[in-house]
Structures are given as structure tokens and as C-alpha cells.
Amino acid sequence: MNLKRSLLLGMTGVFAAGLFATTALAAPDTIKIGAIISVTGPASFLGEPEKNTLVMLQDQINKAGGIKGKNIQVIIEDSKSDETQAVLAAKKLLEKDNVIAIVGPSTTGESMALVPIMNAAKTPLVSCAAGAPITNPVGDREWIFKTPQYDTSAVEAIYTYMKKHGITKIGIITISTGFGDAGKKALQELAPKMGMTIVADEKYGPKDSDMTTQLTKIKAAGAQAVINWSVGPGQVVVTKNWHSLKMGIPLYHSHGWGSKKNIELAGKAAEGVIAPLGRLVVWDKLSDTHPQKALLKKFETDYKALYKSEPGTFGGHAYDSLMMVVEAIKAVGPDKKKIRDYVEGIKKMPGTGGIYNMSAKDHCGLDMSAFEMVIVKNGDWEILK
Amino acid sequence: MFTVFLQFLFSGLTVGAVYALVGMGFNIIYNSTSIINMAQGEFVVIGGLLMWFFTESVKLPFFLAAGLTILSAGLVGLLMERLTIRPLKSADLLLMIMVTIAVSILMRGVLMFKFGKDPYTYAPFTEGEPFTVAGAVIQQQTLWVIGVTACCIVMLYIFFNKTMMGKAMRACAVDTTAAKLVGINVSRVVMISFVLSAMVGAIGGIAITPISLMEYDKGPMLAVKGFCAAIMGGLGRGRGAVIGGFAIGILESMTAGYLHSGMKDAVALVIMLAILFFRPAGLFGSVAMSRLRKF
Amino acid sequence: MLELNGISKEFGGVRALSNVSFTVKAGSVSALIGPNGAGKSTLLNAISGIDPPDQGEVVFAGERVNGLSPMTIARRGLSRTFQHLELFGDMTVLENVIVGRNARTKAGFLASGLRLPFALREERESRKTSEEILDYIKLSHHRDDLASNLPIGEQRVLEIGRALATEPKLLLLDEPAAGLNMRETRDLGELIKRIRTEKGITIILVEHDMDLVMSISDAITVLNFGEVIARGTPLEIQKNPLVIAAYLGDEEA
Amino acid sequence: MGRGNFMALALMLLGVAGMPFLTSGSYALTVGIFAGINALVAIGLCILMGSAGQVSLGQAGFYGIGAYVSSVLSIKFGLPVALSMIAAMAVASFAAVLLAVPALRLKGHYLAVATLGFGEIINVLLNEWGPGGPSGFGDIPHLTLFGYTLSSTTANFYFIWICVAAVIIFSLNILNSRTGRSLRAIHGSETASIAMGLDIVALKMKVFILSAVYASFAGALYAHYVTFISPSSFNLFYSVLALMMVVLGGITNVWGGVAGAIIITILPELLRKFEEFDVLVYGLILTLSLLFLRKGIVPLLIEKAVRLKGGSGARA
């Protein structure tokens, strides 16, 4: 009985405290940047490296003296991979923390849910998600930017490479989430334009444990290659199934494949798998004169030293998003409108994802050249020419 | 054509074996308590992740690692029963089920802390090329999973039919009050059922991880599918869950193969609903028995 | 009022009722007696539609009702009580009776939710009628108590009250005196008589308490092994050698 | 409606009216909006479970139908939002009938899994056939009533909580009437209910429809407020969450649904301070609350209040 009463009391207390609590006072000379990241939930494989990256960058920037003597504070909110939570997090960041810009969210859906809020609050958002609708139509997305490459760019890179090798009939297999769906749409959209025929179109769930059926169907349909579009454990399972079926046709992955972890998990099944990847994972194989090399090297080594793991493509997205905001503040000061205008005007800025060229018509600023076609050989990446 | 069909069948068997193993775990607890333990999926995850920890991180030999994993999972089951189910005594069943859901959220939190969000895997029990039957391939590990499932069935059968404790547990399943009257320690039965089902779950996790990989949040999906398997076979029927699991796995695979892979989950569920419509207590359950239970 | 023609019922090969036929006159009190397992409750279930007969015909108020759902039969004016009390335990005494009125009222989700005038009027009338019934069965003082808190005797009376609320033409009472003491049983007998004479409701009761049966029944039907072995006035039945044999042979009572 | 309910309603409306003045900005109001939307779903589930004794793990299905149908009708067919919302509720009712036909043959766990299956099927369909597929779609218009468009957070907040109040009154009216008594009677004893001439099948069917209407209404409100939806907002996790709200708040009382919804919505916001640990703390709080506040918060509070007053009675 007593426990019951104290629990009731305790809960009331927590709620009362929550209602009347004011945000912790930050030193007046810090610049507050918000971040909405899928730290938990189904998209947490994106959120984990993103969050780590943001924390690392914040500390590095502050240790180096901040921006014009002012420290930055990146306030990270967990969206739990849920649109409703993302909306709440944005409201909190905008109103309680008065951030001047927001980095993230991690997924396309969450980013889309924030579009009206950011436009109403007249605050820039630099998303870490790839979906084309995040920044298009640009007319309705005045305050929205994104750093990951377009799915269509990745598809273009794959198709171009395939055509060089005489592949025209393909089977696609995509994960039934926003990521896979966006890839599927890009694959379908570009196929007729680039002379590709999709002979089989298969799907699987994010937690499925065997995709042999789908791959068998693709093979039976007479495809010359398989393209898998997914993130998370699914692409490893597909790779293993592809290997054990001895399909005799090459397997291509999306840019979601870009983590050494995937090679480790798939083991020797990963040998020969091809994917369009940003240069982050293959920085050590770039020529020293490549404009991205120095930056990639520093990011990758710092991250590895700190977290004992790889930042991967997704950590890179967070890097690019935050650095765009930081560069803007360095240049024009902490003013929302000026930051927006600066980001829109970014030209030839090297990032982890590629070399950014933003414009009033393009709030992403990357194209096919952001990718290298990379094959797995002897458990390591190798750039295909 | 036949090769393709056979390949679909093998894929269905692989997936079905996973569901079957999870479904069996549900039945053990259901039989002695009428509770559906929604944290059953987490037991499987614990099995896979701890096995990874012991083999890849601590580098223990296979059997020692497996033994430790199963024991640890049993301990988790024991703790869960002692800390959350026992204090509730004979509360409303719905409440108990919600508690198991809350515990599963808690367990996922702990697992996320310990293991992060990455998927894990380790080498299959036996290395080597997959077997080929009439042109269709089946992974060695799939055979292991089916074998482990069979072993579990046999061992549970022996336990429930030949040992005193097992018989006591079956008595509890039929009539708790009567079991109490004849001097069976019901609370111990409940505890053992949690331990046992956690262990079966962990065994499942150990077996399936080389195939499907394992990550901290795979539990709910496994629980839902296993639950469906148990229901389809008729709750409380050990072999029912196994057949239910394989049935759902094969249904999914055939739907993906001959209809559309995007619809495989939906079609499997529709068929399950249809089965429930004609047999409201599952394929092997008896309506009369299910009426005796309130839940 | 009620006519049974050749009712038979089997449970898994066991004949629970075989070829039961008899007629109940309107406005009478009929009793159904017989040793345990003679098929009395089975017969009540067959009449009320809960467990319809395999063969035969149940004619209620001039119409064939077997095959109809128990709900429809109830709405036609047949109400009953249960051997193992089936009250709505977590509702008050008054609410239990009001539920009985449901068969005679209409308001649905929308009408009640929006408090439409007709629904409110209906509600007032149900409440009034139910309170009158509580007065009639002398349970008004327990009006707002939970039904499950009443002593068993009053629970049995409440079940009768609830059945009365449906405005039945025929009332089936399944062992209404089970678990009652002498005084309660006498009061119950009085109540049954009053219901018959004042409300003109036909009553069929299954009962083991022979004193009660003999004192209130107009006609008695004796069942044994699912068959009617005798039928007549209380006096005739008491003298019937078949009945005596059935009882002495099978039961100590 | 008893005095307790009247007081609770007055208190709630007072709180709602005062909220925009007590808090600055729209963050708290946005939390309030989601709490209100969740409350609508929870009230329906409360009636379904607490009064009619039916379990549902498929409320997300109805919630999703409400959101999707209303959005699609208003975008693709240019229907005024108010009309599209009503159409969405009609479609959800139809879906409820489809579900109820097989589900009403089932009990307990079997019913739970059937409703769960239904919710999952709807989710798969939204993924496969919904506009935008798994990615979802945006640019859904706001609700316009009598020429006024509800685009501001404050307007939405007031509107949604007025809807909640209306639904509470409607539900209390039902529960305290012939219909509500019938539902409780069925819960108490099906055998006796049939013998009293209650149409059990129709009643269960209708209560399923009622809960579906509430959930789809909530879904439509969600879609037209957030203006972006995707299938992941309407999956099994939401169904479980709704169940959690009801059990935590108290299954036997409509107010339990409201209280549970508010708590479950606010809790994650309060736990933001714990950052990484929030999942752990969340799980811990849920487990402890369920273990110690068994009957649910509202029934416990009523019990306490009754004991303080020394009275008896005060039932919802």
C-alpha cells in the first residue's frame, strides 16, 4: 500500500516537475544547434553513428576555440524513428531551446513530417535522409536541405556501370521500408530512360530471415543481375542467400552497403558484391590530390579512435549536415535567414558525401559523381574503374 | 519448375523452423499459467547475442558457450518470474500480459546498452557448402535449426511425460486448483515454466542467428510470428506450435514465390484468420478445452 | 402456452432426452422433477433455445420456436433463471433488473450517446418499472448494492425479478430453492404463487424441494433417464408407483 | 452523468482552456494535441475492453484507415476535409464489421491474435497500396470548418480537446444507458444476457464499430494536423501503446483511457533528460506502474477519494 502511494506520489511529482521545469540554462555565448536523430527504434542503425559524429564534432569544434570564440552546443533529441516524436522534438528544440538550425532527422518520413514546421518557424533544416521529396519541390521547401546523395544518383551510377558490362535485364529486391521504397522508385523511374528492363521486382521485411524465395524468382525470371536496395541486416541475409544459391549473376547493393561491418557479417559470401558508395569508405584508396581525401581521412581516423567502430556512410551524412550549418555560422553569424541563404549558395564544398554545389533549384547539391563503384575483394573494398 | 518449388519450400522450412521454435516457448508458459509471455522474442534475442558474446568475444568453445548462454537465459527467465510475475500473484491476465510487454521493453533497453544496435552473427554450426536436392539448395544451418527443433520437442516430451516435475506442470495446465489440492507446488511450477521457456527461446536464438543475424530489436517480430504459430496450432499444444510455425513459414514463402513478396505477411495472416474462423481454437486445439479457460 | 412434441437430445451418443411430450396450460405452475441426471436442465435449455433439441417441436404461444435463437425466444416472452446463478455480479441490484428491460426497450448507441428524448424517456420508464419490480420482490432495500454481495437467497429472488422485467408470458425457474433455508424457501413459494395469480404468468420450475413443489404446482411432470415417466397433479404423482420406484431406486432424497 | 464525471469534465476543460496561457510557445500544446489524439483511441479501447470485455491489438489498423482514407480523399478527390473525415470513419466502420465477423467467434488470446492480424494486414496494405508506399506522403490539407482553417497549433489544440470532451460525454452517456448496461451484462454473463434477450452479436459488433470510429477519427485528426503520414505510425507498436494507455489508466473507466493517454504521451517527453537511458527508464516505469498500480490509476484514485469521503458508490 505504501509503495503504491509513493509510486503515485512519485509519478505526480515527476509530472509536476516536468510541467514547470525550465530548460537548463546554457551559457549565453553558446550557439545552439538542434539535432533530431533516430537514436532508438527501427532506424537506430542510422542514428547511432550520426549521434556519435555530432557529439565528436561538437567537442572538436569547441576544443578548437568554437566559432569566433563562441562554443557550439548540439542538442540531440531522439526521434525514436517515429514521425510523431520527430514533430515533438522539433517543437521542443525550436521553442524551448531556441536553436538556430536543426540537423537531421535520420529518415525521409521524419524529415517530411518536419517540412511544414520548419517553414512556419523559418528555421533551416539540414536533413540526413536521402529521399528526393524532402527537398523537392524546392518551392515548398524553402528552409529544407539534405546532404545524402539522391537515390537516383546512386541508381544512375549502377546503371551506367551495368551498361558498360552489357547488363540490361535486372531483378530488383528491396526492403519494405522508406529506404527500400525510395530506391525501388528510383530504380523503376530510371530503368526505361537508361535502357534497363526490370524483369522481377521483389520485397522483404526489415526483420526477415531468409530471402531465398525472392532470389529464386529473380533468377527464374531471367535477370542478368540482382540489385538489392536496403539497409540493416537484410542486405547481409540477401548476400548470404545469393551466395548459397550460387546464382551465377552478380549482386549489386545500394549505397546502404557502405560499412565494413556488412563485409564482416556476410563473410566470404560478400566477395564480388558491387555497390555505389560515397568515398568515405574508400578514402585510403583515393589519390592524394582528391579534394575529399584529407577530410575523409581525418573524420574516419578520429571517429575510429573515439568509438572503436566505423562512422560509415550515415555518420558521414551527419558530418556534412552539421558542417554546413557550422560553416554558415562562421561566415554569416547565428542568423537563421542568413544561414539559409548561405547554405543555398554553397559551391564546391567538399564533404564526406561528395562535393556539394547547392542552388536555389537544388537543395542537395550532389550528383552521380559523388559515388564510386566499389567491389568487395578479399574482405576489403576495391574501387572499380 | 519443380526445382523452383522445392527452393520455395526450403526457404519456407528455414523461416518456419524459426517461428516454430519461438512458438514452442509460448506454449510452455501458457500451459502452466495461461499467460502469453510477450517477452518470448527477447529470450531468443538474448540467446543469439549471448552466444555471440561467448563465442566471438570471450572465444569459448562452442558447447561451453552454448551451455552458458542457455543457463544465463534461464536465469533471466527466473528473474523475470520472481520479480514481475510472482508479485502479481493471480492478477488479471490482461495485466500480466501487459507486464510481460513492459518487461520486453525493459529487456530491449538493456540489450541495446550492452550490444548496441548492430546486427551480430557467428559461424554456422558446421562449415561447408549447402546441400543440393534436385537442384534446390538448403543451407546446412537450416537442417541444424530443424534438428534442434526436433530435439527440443523430444526433450520437452520426455520432460512433460516422464519426470515428476513435468507431470506436475501438466497437471497445473489442466486445473491449477486441483493441482494445488494434490500438493503440487504451483508457484514452483510457474517459475520452472519461465526458466524452461527462456531456455528453449535461447536455444532457438543460438540456432537461428547464423541464418538470420540477430540484433537487439528483433524480439517483437519473432514474438508476433511465434505467437501466430502457437495460435494457429492451438495454444498449449506443443506440437501444434511446431506445425503452425512451419505452416506460416511455408505459406509466406509460397505467397512470395507465386503471388507477390510484398503481400507475404498479409496473405499468411489472412489464412491464419480464416483458420481461426473455421477452427476458433486453432488447428489442434479443442474448443471445449479453450472454453474452460477464461483466456 | 407451451407444447412439447417428441423432444429428443443426444450428447455424444448418450440420450439425454427421448421423445418428451407434454403441454403446459396458460396461467399454471408446472413442476419438472426427477432424479439427478434425468434431463431436467437439458429440457429447460432445449425449451429456451440455449441448447436446441435434435428432434421434436417446441411450440410456444402457438408458434414453433425451436431453431430460433435464445435471444429471439426471450423476446417472444420466455424468460428464465439459472441453476448456477448467472447474475451480473459487478452491477447493482437495480441495474440487474434494468438489464431485463432491455428486451422491451430500443435505444441504441447513437440514441443513448446523444441523449435523444425518446431514449431518456425510455430510460426513465425502465428505471420506474424496475423499481416497481424490486418493490414487488421485496429487494428495494438492496437497490444500490452490488448483486454479488447479496446472500444466495436474495440472489435467487433477484434472478426472478430480472426475468420478470422482460415481461414474460412463461417463466422457467431452474432450481430456485437450491441453497435456500426453510424460511427463504417458504417466501419463495409465496412469491411464485403471487407471480402466477397477480401477473398471470405461466411458470415451469425444476426443483428438488418436494415440499415446495407439492405446495405450489398445478401439474407435475416426472422425468427419468430422459423420459417422461409420469404426469399429473401433485396428489397423483405422490401415489404413482413408478415415481416412487425411480426415486427410491436412484436417490436418497 | 454523475457528479464525479461532471467535475472531472469541468476540470479537464478548465485545464485545456488554461493551457495556452500557462505555457509559452506551441511545444506543450503539440504534446497536448498528441495526447488528445491518443485519448480518443484509448477511450474507444476502454469501452471495448472494460465494458464489453473484448481485447483488441488492432486499433492501429483503424487509426491508420482514418488517417489514410481521409488524407487520400481530401488530396486526390478534393473533398472538403470535414467530409473526408466522416467518410474515413464510415470506411473504418465497414472494416470493423469485416473484422468483427470472424473475431466475434473467438475469445481471449485467439481474439487478441485475430485483431493483431487485422492490424498487421492493414499495415501491409498501407505499405503496398498507400500513396507513397512505406515512405508515406505529405502536403495533406488542414481541417477547415465554417471557412476557418485549423492550421495553428493553438486552434488544433482547442479543437481536438473539444472533440475529446464531446467523445467523453457521448461515451459516458452510452455507458450509463441501456446500451452500456447491456455491454457490462455481456461481460458479466453471456448466458444470462442471451436469456434476457440481448443481441450479443449485434452489441459486440456495434462496440467494435464504436471503437473503430473513435480510432479512425483520431487518425484523421492526426493526418490533418501533422500533414504527413506514413505506414510506420500505424503499426503494431501503436496498438500495443494504446493497450498500455488503457491498462495503465484503468480499463474500467473512460477517464482511465484519457489519463493513460496523457501519461503515455507525456512520459517520453519528460524522459528526454535521460537521453540514452530513456528506453530503460521508460520500461522500468511501465513495469513498476503495472506491478503496483494494478487496477489502473483512475480506479485507484476513485477508490482513494471514496475512502476519504467515507462514502460508497461513485461509479462511472
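Should a chain be cited, it is by its letter among A, B, C and D, assigned in written order, with residues numbered from 1 in that chain.
In this text, a contact is a pair of C-beta atoms (placed from the backbone, for glycine too) under 8 Å apart; a residue touches a chain by one contact, two chains touch by 3 or more.
Since the model is a prediction, treat every value here as computed from it, not as a measurement.
**Student:** Quick check on the contact network: minimum steps from chain A to chain D?
**Tutor:** Minimum number of steps from chain A to chain D: 1.
**Student:** Of all the chains, which has the CA centre nearest the overall CA centre?
**Tutor:** Measuring from the global C-alpha mean, the nearest chain centre belongs to D.
**Student:** Compute the centre of every chain as the mean of its C-alpha atoms, then state which one is farthest from the centre of chain B.
**Tutor:** Here the answer is chain C, farthest from chain B.
**Student:** Report which interface contains more C-beta contacts, comparing B-D against A-B.
**Tutor:** Spelling it out, more C-beta pairs touch across B-D than across the other pair.
**Student:** Rounded to the nearest whole Å, what is the centre-to-centre distance of chain B and chain D, using the mean of the C-alpha atoms as each centre?
**Tutor:** Chain centres of chain B and chain D, defined by C-alpha means, are spaced 31 Å apart.
**Student:** Express in whole angstrom the distance between the two chain centres, defined as the mean CA positions of chain A and chain B.
**Tutor:** The answer is 35 Å.
**Student:** What is the distance, in whole Å, between the centres of chain A and chain C, each centre taken as the mean of its C-alpha atoms?
**Tutor:** 72
**Student:** As a quick test, compute the distance in whole Å between the mean CA positions of chain C and chain D.
**Tutor:** 41
**Student:** I need the residues of chain A touching at least two other chains; which ones are they?
**Tutor:** In chain A, the residues touching two or more other chains are 40, 42, 176.
**Student:** Indicate the residues of chain B shared as contacts by at least two other chains.
**Tutor:** 112, 262, 265
**Student:** Going by the touch definition at the top, which pairs of chains touch each other?
**Tutor:** Chains touch in the following pairs: A-B, A-D, B-D, C-D.
**Student:** Quick one: which bits of chain A touch chain B in the complex? Just the residue numbers, please.
**Tutor:** Its residues touching chain B are 40-42, 44-45, 47-48, 176, 202-205, 207-214, 216-217, 220, 232-233, 236-237, 240, 244-246, 261, 265.
**Student:** Quick one: in the complex, what on chain D touches chain A?
**Tutor:** Where chain D meets chain A, its residues are 24-27, 30-31, 34, 127, 132-139, 222, 226-230, 232-233, 263, 266, 268-270, 272, 275-276, 278-279, 285, 288-289, 292-293, 297, 300-301.
**Student:** Taking the complex as given, what residues does chain B use to touch chain A?
**Tutor:** The touching residues are 4, 7-8, 10-12, 14-15, 18, 112, 116-121, 130, 137, 139, 208, 211-213, 215, 217-218, 221-222, 253, 256-257, 260-262, 265.
**Student:** Show me the residue ranges of chain D that touch chain C in the complex, using the header's touch definition.
**Tutor:** Interface residues on the chain D side: 170-171, 173-174, 177-182, 184-185, 188-189, 191-200, 206, 210, 313.
**Student:** In the complex of these two chains, what residues of chain B are touching chain D?
**Tutor:** 30, 36, 84, 87-88, 91-95, 98-99, 101-103, 105-110, 112-113, 220, 224, 227-228, 231, 235, 262-263, 265-266, 269-270, 272-274, 276-277, 280-282, 290-291, 293-295
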